[in-house]
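The next part holds the structures, each set out as structure tokens.
Look for chain A in each of the two complexes below; its partner is chain B in the first and chain C in the second.
Showing the complex of A and B:
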């Protein structure tokens, strides 16, 4: 097996993993902070990808600009979704189960709305630089992949800085670690939950656009995305941003290596098999430390 | 009271069993067949998911194992129709055996982590079947169907599935009132405390998991025979796994009646919508149903009515 090919697949695996990490960060936060497993998270990501697709198709807007523009839009939509749908079920006996059923319904709705608007054909984001590539020595990087990768790094850094440096971000972390104590210190849990949820959904949009720069997508792609989300989040530890990033990289390396060494149809089998074994031995992720 | 209830159930079963004598169209037989199948799947899932609170999102794996084992046996040994139907029982046992080996390490993991392991497991099984030619491979397996008129053969499988449903529900009824059921409920409410009270939690969980894999395995075998052609994409579909969970939780997990109600309602609504509305619109309404029910009945339909009735 030739070394160039191995390194090439490793790098594309890592890029992919980083993008899944951006998609996963928000999923991890809603789960960790609010105890809501947001099944439609990936569907919102897909919605972001479709919005970027249409913006590019009809107005020639670059996906990066769409990612920045769709973030506040999705933030507002998610605030509405939180108030209307998520908040009422926080009274349930088992919030996790109730939230899964409810957001599963939401994912079905989103998926089919996307089928109605954009129909079921697979799509690709083709910005003007789509056919170009950066060639470094023997390695070859397509520009859209690099842009998607860069976008995911920017997105994750933004979230990380928000949580570490801003007052609201610290309140989110406090609510995650000690909800009761945070409340005593004047943190409004409902407001924090809404912000967490809305923030998560807007990063999902950016993540979806990044992923769309790397892969083609169709209205039911979010199902497969969701599985990767679960993997990234669980391996990284729920609610852990840095952990999610590292998990993205690990999964990227695993897929990258198996792509280099195995026939295509075995790649997913190896990925899921290894993760299953991993989960059995380290069910709470590699890193127990949080946010 | 108990006597009347038993009589009512017996009459209901007899009516269902007599249904094919009315010579309904094959469509209705197929529809009822799938209702029975989902009742079996949701009720068996309930053993581990509802009673013990271990939400398995990979139950389609057991369904698929049963389907592929039956189909493989039937095509390899050229089994007669009767033997094919009977072959689904060892196929179910195979699914139960897999559940034993998978459950042993996986049931140590709790909460959502368990759910994710089961998702991975279902994928591993699906991809293994797809990648190994002997097990079916990418082409799937064809079965030879019975050499009799279609309606008669459909009626036979209808009756067999009905029988399996009755058996499953009887076991579910027993389980709900047994020590096993009580132990599982204790695990669900607090596993640590249950362990301290000398409940052998690990053993009970494995038992429930094996039981909850056995019946879906048999149902998978019958389903394979009903379709006469099976493919990994169909029987291992993750949507089946998710649907099973939703049906049980929708009706009310951890109760006998909950999964039955959930399975019947969701199958009927899904079918009804797909007749009357455009496919996408139907799916949107279906999705909205989940949202509305969860908001107004966050603990399942059964719980909602019980509270209303009980004041």
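Showing the complex of A and C:
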């Protein structure tokens, strides 16, 4: 094994990991704050990727611009989904199970809608700089990868600052840690749940676009993405933003290295194996503390 | 100021409160005592809007409170320090306090409120960057009380503020509550420390099995034979 290959795959792993983290952070928040396991989270991410694809294909709009523009759009769509589908089931006895079944159905619907609109062929995002690369010594970074990486750093930093510095973000954390007390001091739990859900979905869009800058995608890709989401959230701890980022990086590096050194068909085995090991030995993740 | 009339509250088939009436006048400190399961917490959670009443009415300065959500009740200045403190454990002390001033109506004054709270509890100022979950019991109660003060209460309801505290910490909390009341804050104090509570309050209500068993000036309640045997162990 040569050092260049190891370092190169480490760096691609880190880039990949940051993108997983952006996709995962919203998934983790909806799970932690609302006890909703949002199975269609990755499908919304994929929808973001397809929107960016069409914007690029037909109007020449850069994916970064699409990510910024799709965020408010997905936010509004998600508010509607929350009011129509999620809010009624939050009164169910087993919110987690009910939400999983409901959003599983939603994911299937979204997938088929994407097949209808964009058909089932794999797609890649090819902005004008797609073939360019940054070459530093022996290392080689494709521009779209760098852009996707940058986009996910910006996305995660935004969420982090929102949770830490704004009143609404603090209310999200408060509602997660102690819902009754949060209510007593004026937090409207429904409003906060809707904002959490919508924010998560809009960051999923940016995450999906980032991932589409790194990999090709097709209408059922969200199933594989979802496995990574579970892995990132379970390793990082539900509702924990920093944990999610660290978990994303760890998992990115592990998959990056396995892609470089293992036959391709083994890579998913490593991922699923990790997921099982964590569920058995560390079901609360590596880091206990939440948002 | 606060009037509770003939209030009945049910959890499923069980009646937790049956026809409870009480009132708290402006500037007064009122005691609510009773054993476990008597309905004390249910009563203040109903006032706070966390639990819906099955029958009866609640009014605040002549206006009905029935059906208002907890955030609206808080906006009216009726603020609760919940049993078990219920701080946000993974937030710092200062973030917990800031959350007390979450409502837009009090948010503007939050820096001024924060200074006041740190004046009352200098120990919270020392611990401002520490996570609330890492505080001692006494400090947690200070933080919980401080958080409620951040909401600029006009009626402060405290549910078992001395529960689980050392006698010294409990005495400190009671002294602070008394001081706040002397400055004009109306207080509804729920406590199992019957002797202390009746010593610092003007009026009291004794709840038993969801009904008001006794009421009157605290001094008289202290001398009541029933209170003596059931709550003071005399």
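In this text, the second predicted complex is superposed on the first by the 290 of 291 C-alpha atoms of A that agree within 3 Å, B and C clash if a C-alpha of one lies under 4 Å from a C-alpha of the other, contacts with A are read in each partner's own complex, and residues count from 1 in each chain.
Just so we're on the same page, a residue touches a chain if its C-beta (ideal position, glycine included) is under 8 Å from a C-beta of that chain, and two chains touch if they have at least 3 such contacts.
Note that the structure is predicted; figures quoted are calculated from it, not measured.
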Given the superposition on chain A, are chain B and chain C in a clash or a fit? fit
Examine A:109 and indicate which partner it touches, taking first as chain B and second as chain C; both and neither are also allowed. first
May I ask for the angle at the C-alpha centre of chain A between those of chain B and chain C, rounded to a multiple of 10 degrees? 90
Can A:129 be said to touch chain B (first), chain C (second), both, or neither? neither
Using the superposition on chain A described above, determine whether A:177 touches chain B (first), chain C (second), both, or neither. second
If we overlay the two complexes on their shared chain A, which of chain B and chain C does A:37 touch? Say first, second, both or neither. first
Output check: A:167 vs chain B and chain C. Expected answer is one of first, second, both, neither. What do you get? second
Which of chain B and chain C A:139 touches, first, second, both or neither: neither
By the touch definition at the top of the document, which applies to A:188: first (chain B), second (chain C), both, or neither? second
Contact-wise, after the overlay, does A:280 reach chain B, chain C, both or neither (first, second, both, neither)? first
See if chain A has more residues touched by chain B or by chain C, and give me that chain. B
Least CA distance chain B-chain C after superposition, rounded to whole Å? 15
Spell out the residues on chain C that touch chain A in their complex, using ranges where they run on. 48, 50, 69-71, 74-75, 79-80, 82, 86-91, 95, 98-100, 102-103, 107, 147-148, 151
Give every residue of chain B touching chain A within the complex, in rising order. 55, 105-106, 108-113, 116-117, 119-121, 123-124, 127-128, 130-131, 138, 238-239, 242, 246, 249-250, 253, 280-281, 283-284, 286-291, 293-295, 298-299
Residue ranges of chain A in contact with chain C within the complex: 167, 170-171, 173-174, 177-178, 180-188, 289-291
Residues of chain A touching chain B in their complex? 31, 37, 85, 88-89, 91-94, 96-98, 101-102, 104-109, 111-113, 115-116, 223, 227, 230-231, 234, 238, 265-266, 268-269, 272-273, 275-276, 279-280, 283-284
